[in-house]
Structures are given as C-alpha cells and as structure tokens.
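Below are two complexes that have subunit A in common, paired first with subunit B and then with subunit C.
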Partner chain A sequence: MGGLGRGISSALPYAVLILFTLPILILYCWLGFSSFFTRMEGLRPAGAFTLENWRFLWVPETVEQLANKPPIIPLTINTLVFSLATTAVVLLVSSMAGYALSRLNFPGRRAFLGSVLLLHSFPSVTLLIATFIVLRQIGLYDRLLGVILVKAAFEIPLGIWIMKGFFDTVPWELEMAALVDGAGRITVWWRIVMPLVRPGLLALGLLAFVSGWNEFLLPFVFMPSGSQATLSLLVRALLGEGRFVDYGLLTAVGLYYVLPILILFLFAQDHLMKVYGGGVKG
Partner chain B sequence: MDVRLEKLTRRFGSVTAVDGLDLEIRDGEFVALLGPSGCGKTTTLLMTAGIYRPTSGAIYFGERRVDHLLPRDRGIGMVFQNYALYPHMTVAENIGFPLSLRRSITREERDRRIGLVAEQVRVDELLARRPAQLSGGQQQRVALARALVKEPDILLLDEPLSNLDARLRHTMRAEIKRLQKELRITSIFVTHDQLEALTMADRIALMADGKLAAYGAPDDLYERPRNRFVAEFIGNPPMNFLDAEVARVDGQMVVRSAGNVQAPLTLALADRLPLNGSARAVTLGVRPEHLIIGPPDQSHARGEVYMVEPMGREQVIDVRVGERSLQAIAPASLSVRVGEPVGLTFDATRLHLFDPAAGERLG
Partner chain C sequence: MGPALVMVAAFFVAPVIITLGMSLTDMATTTGLANWQWVGLDNYERMARGSFTLLILGNTVFYVVVTLAFNVLTGLGIALLSANVDQRVGGVFRALWLLPRISPSVVYALMWTWAAAAPPYGVINQLVAPFGIEGRYWINSDPWLIVFLINGFVGASFGMLIFTSAIKSIPEELFRAARVDGANAWQIAQRITLPLLRWPILFVLTYQTMSLFASYEYILLTTNGGPGLYMTEVWSLWAFHTALSSYFGNLEFGYGAALAAVLVVMGLLVSFILLRVFRFNDLVSDPRIEIT
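And then the complex of A and B:
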C-alpha cells in the first residue's frame, strides 16, 4: 500500500505537468508536420512529404515575391543584429545602474528605484505615439538603430532590478579588499564585482536576446519601409496577404523563426532559472 | 613606519563611532585595538585603511599625512574578518591581484613574489585552488599572503582569528606573531578577544564608546589597570569587585567590606592612599587568580561554595560571601563540594582599589 501510494503521489506532478503541456506540444508537432507535408487535415498530415515549403532557404526570391521583404538571410542577420545590439545595451546600462543603485547612497535613490519599477509595469503600447515623435525628431525613425534603442529602453527597467538584486549579494568586504589591494572604483567593478554577477548577466542577456528576437510591434511600427525588417515582420506579412495564405510556407518560416530560440533554451535553461534567484531588496 | 592618529573622529548620522581618538604606534610595533563590539575599533581600522573618511582629525604614516589619500596610495595591506578572498580567482590570482594592478611589475616578477610569499605563509601547495576549496585556516593564510605580497608599510588585520575554531586560532595566533616579528612590519589588529590581544600585541589600545580607555603593554593593563573598565575587560574570568572601605584597624591599614570581609593593605599601597578621617570608601578589585581558597578560619572572607566549573588544569569556584558572589581560581586537585563552607584569602600584593564614583585607579 505504502509503495503504491508513494508511486501515485510522485507520478501526480508529472501527470498534471503533461496535461498542461500537451496542448503546446501538439502545437509544435503540428507546426513541424505542416512544414514538411503538402497539406494537413486537422492534426494529421495529408498528402506527400515535401521540402517544397522550405524553398525560401534556397530560392531567395520566394520571400520577395510573396511578402515584399528582403531574402531570408539578410532578414535573419537583421534579427540577429537587432537582438544582440538590444542585449548589449540592456546589459551595459542595467549593470552600471544596478551597481550604482546597490552600492551608492545618493539623494533620490529610493524614489528612483520605485519609478524604475513603475516604468517596468507601464504598458509600452501607450508610449508608441510619443516614441514615434521622438524618433522622428532625432532622425532615427525607420532605422534599425532607433528600434534597438527603443526596445532596449523598454527592457532596461526590469534589467536594472534584476542586476541590483545580484549586486546586493556581493559582499562589501570584497570591494574593500580590492580597494586596499590598489584598485580604483572602476577596476573593482570590472574585475571583482562583474565576474561575481556573471550568472545574472547571463540570465538577463538571454532574456533580453529572446525578447528582442520575438519583438514584433516595435519594428513593425517604427520601420515601415522594410529594408531592415526582421523575421517577425516576415511571419506577419505571410499571414496578412489576404488573398491566399500558403500555410506550408508559413509554418516552415515559423519553425525556422523559433528554432534558434528553442535551441538556446535547451542550452541555457539553467542560467535562466537563476534570474529570479538573485533576490531583490530595497 | 610609525602611525599617528590625531583627534580622529567619525560620525555616522547622529552616532559618534570614534570620538577624538589619539594614538601613536611605533615603527615595527604590533598593536591591538581591543574593545567590546560597537566601541569603534573596526571603524578606526577602516579609517586607517582609507575605506572610511574621518569626519575630523588626522592620520599620519611617518611624516606623511594620509587621511585624504585613497586606500591604494597608502601602502597598506589588510586582512578582513571573513578573509574577503575573490571567489572567482585561484589562490595564485588572489595573491597576485595587488601586483597585477601595477603596470611596473612584470609577469615573471609577479609569479616570483607570489611564490615567495606563498611559501612564507605555507600555501605554496594550494596555488591552483579556488577559495571555496580551502579550509578556514588556509583561507586565512591566503588572505595574509595577499596582504603581504605588495610589501606594505603597514599591515591591518580586522578580527583575523574570529572565524577559526579554537585549535586553529591558537596556531594562527603564534604564526601571525612570528610573521609580524620576522617582517618587522608595523601592524594594527582589531579584536574583541582579550586573550588574543594579550598574547599577540606589543601594546593594547583598549577602546570604549569611541574613546581610548587605556593604552599600554599587556602586562601593564593586567597589573595596573587605570580604571574599573580596564580592570573588568582585561582578565578572564573577570575581576571581582566589592564595595569596600579603607580604614585603620589596630594601627594597620586594611580594606574591609560588609559581611566580615577584611584584608590587609601592603605598606606600599597604604602609603599612596591618603586617608582623611577614619575611613574612605573604595571599590576593591581582586582577580579570581589572586583569591586563594582555604579553610574558613584564618581567611579574609568566609562563604560557601555555590558552583564549581572544572576547566581541566584548574577550576573556577563561585563562592557566596553574604549577598555577593566571588569567583576564585583553584588548582584542579582541590576538592570542594557545593555548599561547603570555605575561606578566601586575598593576595595582598595584587589588590586593586578604585574610586567608587569615577572608577579611576587609586594608589
């Protein structure tokens, strides 16, 4: 009885987890099958196995004809540049601001911390028009750089909080020791403190990268001409042609689009789980 | 390098942690800053290191005034209470870190000096390890090596032994003292443990409430404490205190207290204590090691055994005398039972008298 009871109780969490993950798993399976078969009937593939849907990889003109976007390779590079640059800006600003907020006692520190949190919970959509005006003013409208800065700005509040939490865990004595050992403040920050918050940097970097990769709204609104478009815009364009949607092609592009993220998660899930382990205290 | 602190003061908000501290440390001397927690000893050390800026006052290293200098420009090495080793660096990198910040030192020179100092503190076998893989004692040695590698003029140690177990503490006490004497480096260490201060320091600066309560060689502080606070803080178990009076009885000067406690004063002490009128109120201090337990007759005080604490080589015996309790140290061979009546004999040459109001030493 005892053995059986334990067996059931340890199986229960798995049962619940499977129940809730199943719909998502089915979606991914459908996505996979759909991209390799000529058509689907409900959840089952019908028709012959084909690589035709993936032709956008080797026939560059496909994308241009269908969606009026640059070929897939430049699109991918754009997305990569966008995500990486956003990540870099987020990491740089968050780690410097987080360090200052964790270590320095300056007037208005608490108020600043509070407003950072407020910024994080602010729905960014409401800022679209204001952001548009600002970008126009400084001449960054319809350019990748502008979108990078906007995206980073939206990500930074959370980044600051996460990094502050990690900096809070680094003991003061280490910095004192380094100061006595002959380092200046910047050296202490770079050579002692930053290596110790590496898990935080990795986790935040991954979050920012994934968020950048998935971003649709900002490039869509702020880069209308499309020469520097990203993959998310392509997916949207394939969907929104109106007359006829090539579901095979759409799912193939979709799969191509999510694959890097899936792979990244596979390798980085341990780091990502640490992101909320840094702890936050005012 | 001699060190001089002048009217050193540090306030944190409305709290004055260090209050007008004057202290002079001679070249090559090993000085302990001793005191209860919150007395300002660590704050003093951190000001000397340059981590805290003094609110007012001055710090001189030799002839050079340093209180406005950054830590790196002061020529100091420091060991922290929890060692503060850099967790992401190996032992060798930890020790070499201060040298790596100086452009003038080549990689070969750095490696040579790491090897040298590591040998000195016996961590040369551990150079490839990381701090997490070291025992407390080994971390302590590495921290010491890191402080010494840049050949500082002054070595600062903040509670260097408090995180070690008792046995290791004993070894490291001897080791740090040996190293300090060998290198002849002016050193200041902070401790709340009087035993550490007594065994290691050339001179002890006893602090209370941010002020210097006493400054002198361990023997001086133990033999002639200048006030009641010093007398109470130095010595373990602590000194016994009795409200008493000095009087002339049958032509002889004695100190006596309620409950038939009476002990003779030595001539030397009696001479230094002017007696106006017939008697003078004092606080009598006597250390447990200067109280001898014997039979009740022919003693200076009578009481009964209240508690016995065996300590191995000796035992601490709590004796109830009237309302009060006096602690005495007796050899382990002495057999006494709780409740047994005993007599206490005072070692007349080791009595301390204090002013009952001000607490200053008399005589």
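And then the complex of A and C:
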C-alpha cells in the first residue's frame, strides 16, 4: 500500500466517527453557548456574552417565567434528597439480598433470581398503573417518600444481580474463619464482606444516583401537586410553555440541572461505562 | 433478604397481579377507587374493536423496527470504528456517545426540541438549508424522523458498550494472524470480528426490542403522540395516556391496565420469536464470548 493510500485509510475511521458523533457535539455545544449569550443564530452566538440567563440563581424573583413555579434552591435540594435516598435504599437492600443469594442455599433461590431478572425487563408502564393504586392505598401518593420507594424498587432487581456477582468473587475462607471465631452472620457481612465489595457498591451507587437525579416520569406521575417537585419537573414545565420559549433561560436551567452529572461523569467515566455496559463484575 | 422481598413484592409482584385484575374492571376516575365493577373481558373486546388499535399497533412496529435497526447498526459501527483508532481517542468518542444516556431525559429532549424548532431557531434548518430544503418546524412536519433520532442517539450507546467489550475480549492473536496474512481492516471486521460478535448481537437485539416496546419517555417529551390524533402514538404511550395522563381528563385505569397487559404479551412473544429465529439453543452450545 502506498503512502497516500495508507494515510487515507487510517484517517477514514476518524472522519466517519466525527461525522456520526457531530449531532451529539452540536446539541451539547449549543446547550453551553446558548446559556451564556443573549442571542443565538443556530449554533453561532449572535449576541453579547452575558450572565443574564443565569439570574434565576441570584435574583429569581425577576424571572417572569419562574413566577408561579417553586424556587430553584428547594427544587435542587429535593432532587438531591431524592437521588441520595434512592441510592441509599438501593445499596442497602441490594447488598443484603445479593449476599443472601450468593451465600445462603434457601429454597426458591433459583426461582427468585430468575424472576428478578424477568422483573427488570418488565415494561414500566405496566408497573406504573398499578403502583399508582398501591401508593394511594398506603397513603404515599403525592409525597416524595413514595416516589423514593418506587424508584428504589425499580432499581433493585438490577442491583441484586450486580451485588450478587460481586459477592460471588469474595472467597469463602475469609468468612469461614470469622464464623469459626464466633462472629455472627450479620457482623461478618458488615465488617468483613462489605468492605471487600466496595467497587461494586461504588458502581451500583453511581448508577442509582445518576438514575435518580435524572428521573422524570415517576415524580411527574406520582407527585402531581408539585409540592415536593424535582428539577426535571421544572425543566419540563418551562419546555412545555409553548411557542414563546426563552431558550437562553431554558438552556441555563437545563445546564444547571445536568452539570452535576457531567462533572460526575468526567471523574467516574470508567466506572459508569462499565455499569452501563451491563457487565459489572469484580 | 427480607427488605428486598417486601419491596419486590410491593412494587413488582403486587402491581403485576393488580394490573391483570384491573384489566377486568371498569375502574376509572369517574368510578373512583371504590365504585368499580368487574366487567370480564370487555376492555379487551373494546381494544379489538377500537378504531385506532391497528394504527397504534402499526406505529409501534414501525417505531421498534426502525429504531432497533438504527441502534444496533450505529452501535456496531461506533464500536468497530472506535476499536480501530487510537485507544484514547476511541474512548473519548465512546464517552461522547454515552452523554445522552446519562443526561436527564428532559434536558436531552430540550436539546432536540431546539434542534427541530421552527425557523429562525433550529439547527436542523440551518444544516439542510444549503441543500435547498426550506426551513420548517420538524416536530410537526416530520415527527417520526425526530422520534427516531432522539431515541436512536440514546439507544445506540448500549450496543456500542456491549460490542466494544466483546471486541476487546477477542484474542489479539487472531487479528495479528490475519494481518500477517495480509487482510485489511474491512476484511478483518467481516471475517473475524463480526462472526465472533454473533452472541452479543443477539443479546443486544433481544434486550433492545424489549426496551423499545416498553419505552415512551422521549416520545412523550417531544411529539407526545402527535401531531394530530395518534400520529406517533405507540402502544406503551397509549397505555400511559389512557391510564395516567388522558387528554380527556378521565383516567381509565381498567382499560389502561388491559393495554399494558397486552404490551407484556407482545414483548414476550417478540423475544420468543427472536430467540427462535436466531436459534438460541445452537448459540449457547457454542463456546461463547463472555460479556464482561
């Protein structure tokens, strides 16, 4: 192969990759630009650089579109509480169940593992309709706590599988030794096994946190009054305001909402890539 | 173990049973949670006779097939290409493709709403202008295109990650041997990589078919089934609209539950057929590539 041919054939994959990735780049670049300029012409900033679009952070009362909406700081706190609480429940319940499935040979173990996998692929709309009724019956409808429990429950089947995989890699002998020395099962689990599966907890925790932070459908359906609304509901409300959309404000709020996730992604990229690939093993 | 059982029972097992039960009732906002009645298979009969049932079924198949093709082919393409370039650059591209998946759905939908916006906004209008295509409001004029794009650019990353790890687990000697024999990149992909990716491809196809049948969030956030009556309405969105967010104010839980139950059957049926077509049993007996 000649020099020119080689040059073209090694540059080709790059060119195709860039071409295909362009739409994603354009979308995210626009999100950033649009929030810092007074006017945009497509992708090109046409106005002056400004922080005006971000004034919802320091003088929210001057932003007309936010007049009849919950203030941004409580919304942020709600979102944070929602995702942290979901993560805590998912981690605790999945690691207990995962440990039991990995170590104890109780009747119905196989059936439980199989059904957990089946449940994970269940259409969420099927669950939503009935969960609506369940929440009403137990009095958690329209409350953040109810949405936290539902969200955690939806994440737990995958969590159990992930954690079981990690527990399977921890050698028996360690626990055996501690059990022989007279430690209780719970102590062994908490003191000896849990520290060894820290990478698994980290991976699952990241997954649950990101998924909780981003959640839109559950609060949308189960908290209609919006008294404990999250950021996703605010963005949705601004987006749904029809034809006179103020893209400057909208992108600033959107960027504010997505920024923690982007920063997290920057630092925990390798972990997240693994989790989303579905192949989380020790 | 206990808490897991309780949560799985309360939010999975109970809902499934309740859904099946509800689909046999006339429960709705008008009847309240107290005054409903058993109506047998009336909901299913209504579905079979409904004038929009066929349209929505057609929409669903169209949506699943096109998005699936886009997802799997793009995912495969990105995985193959990014494995063939410098490893660090490849990683950057994969990270970029993962962005839509980790971003909140409302923010991602916001970006596409802008991209597809009517002139003078909208980057799609600007991009196609040099080709002599007049500016328009794409969500209204070509709703399906936007539905495919918004779902495709999220969905492709799943296949990309699975295929990438599968490619990485192929022994390096195979590639080296092929190169020594004078094979070029295309021949290597065609003769070595793709045949060895048979199992991951089957897995991604089946998994994503199930996910697509169940998915409606991005459609809800962009076209919301419109424009016009049920133009881009898919089955899961129909169930959602009927039971949880009706245009007409009356939430029909019973009918919505029946629609959801049919959705489950559809998903199971299609994955069963897929596994049959790809002769799943032959595949598992092969020494397969572990997806790790």
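We adopt the following convention: the second predicted complex is superposed on the first by the 239 of 282 C-alpha atoms of A that agree within 3 Å, B and C clash if a C-alpha of one lies under 4 Å from a C-alpha of the other, contacts with A are read in each partner's own complex, and residues count from 1 in each chain.
Keep this in mind: a contact is a pair of C-beta atoms (placed from the backbone, for glycine too) under 8 Å apart; a residue touches a chain by one contact, two chains touch by 3 or more.
Worth saying up front: this structure is predicted, and the values here are computed from it rather than measured.
Aligning the two structures on subunit A places subunit B and subunit C side by side, free of any clash. In the superposed model, subunit B and subunit C sit 100 degrees apart as seen from the Cα centre of subunit A, a figure rounded to the nearest 10. Set against each other, subunit B and subunit C touch different numbers of residues in subunit A, with C touching more. By the touch criterion defined above, A:Y257 reaches subunit C but does not reach subunit B. When the shared chain is aligned, subunit C comes close enough to touch A:E41, but subunit B does not.
Of the two partner chains, neither subunit B nor subunit C is touched by A:G108.
Our summary of the superposed model lists a minimum C-alpha distance of 22 Å between subunit B and subunit C. Residues of subunit C touching subunit A in their complex: 1-5, 7-8, 10-12, 14-16, 18-19, 22, 33, 74, 77-78, 81-82, 84-85, 89, 93-115, 120-123, 125-126, 149, 153, 157-158, 161-162, 164-165, 184-185, 207, 210-211, 213-214, 216-217, 221, 236, 239-240, 243-245, 253, 256-257, 260-261, 263-264, 267, 291-292.
The part of subunit B that touches subunit A in the complex is made up of residues 46, 49-51, 70-72, 76-78, 80-82, 84, 86-88, 97-98, 101-102, 146-147, 150, 156. Interface residues of subunit A facing subunit B in the complex, by the touch rule stated above, are 171, 173-174, 176-184, 187, 192, 195-196, 198.
The part of subunit A that touches subunit C in the complex is made up of residues 9, 13-14, 16-17, 20-21, 23-28, 30-31, 34, 41-43, 92-94, 96-97, 100-101, 104, 106, 116, 119, 121-134, 136-137, 149-150, 152-154, 156-157, 160, 210, 213-214, 216-217, 221, 231-232, 235-236, 239, 247, 250-251, 254-255, 257-258, 261-262, 265, 269, 272-273, 276-279, 281.
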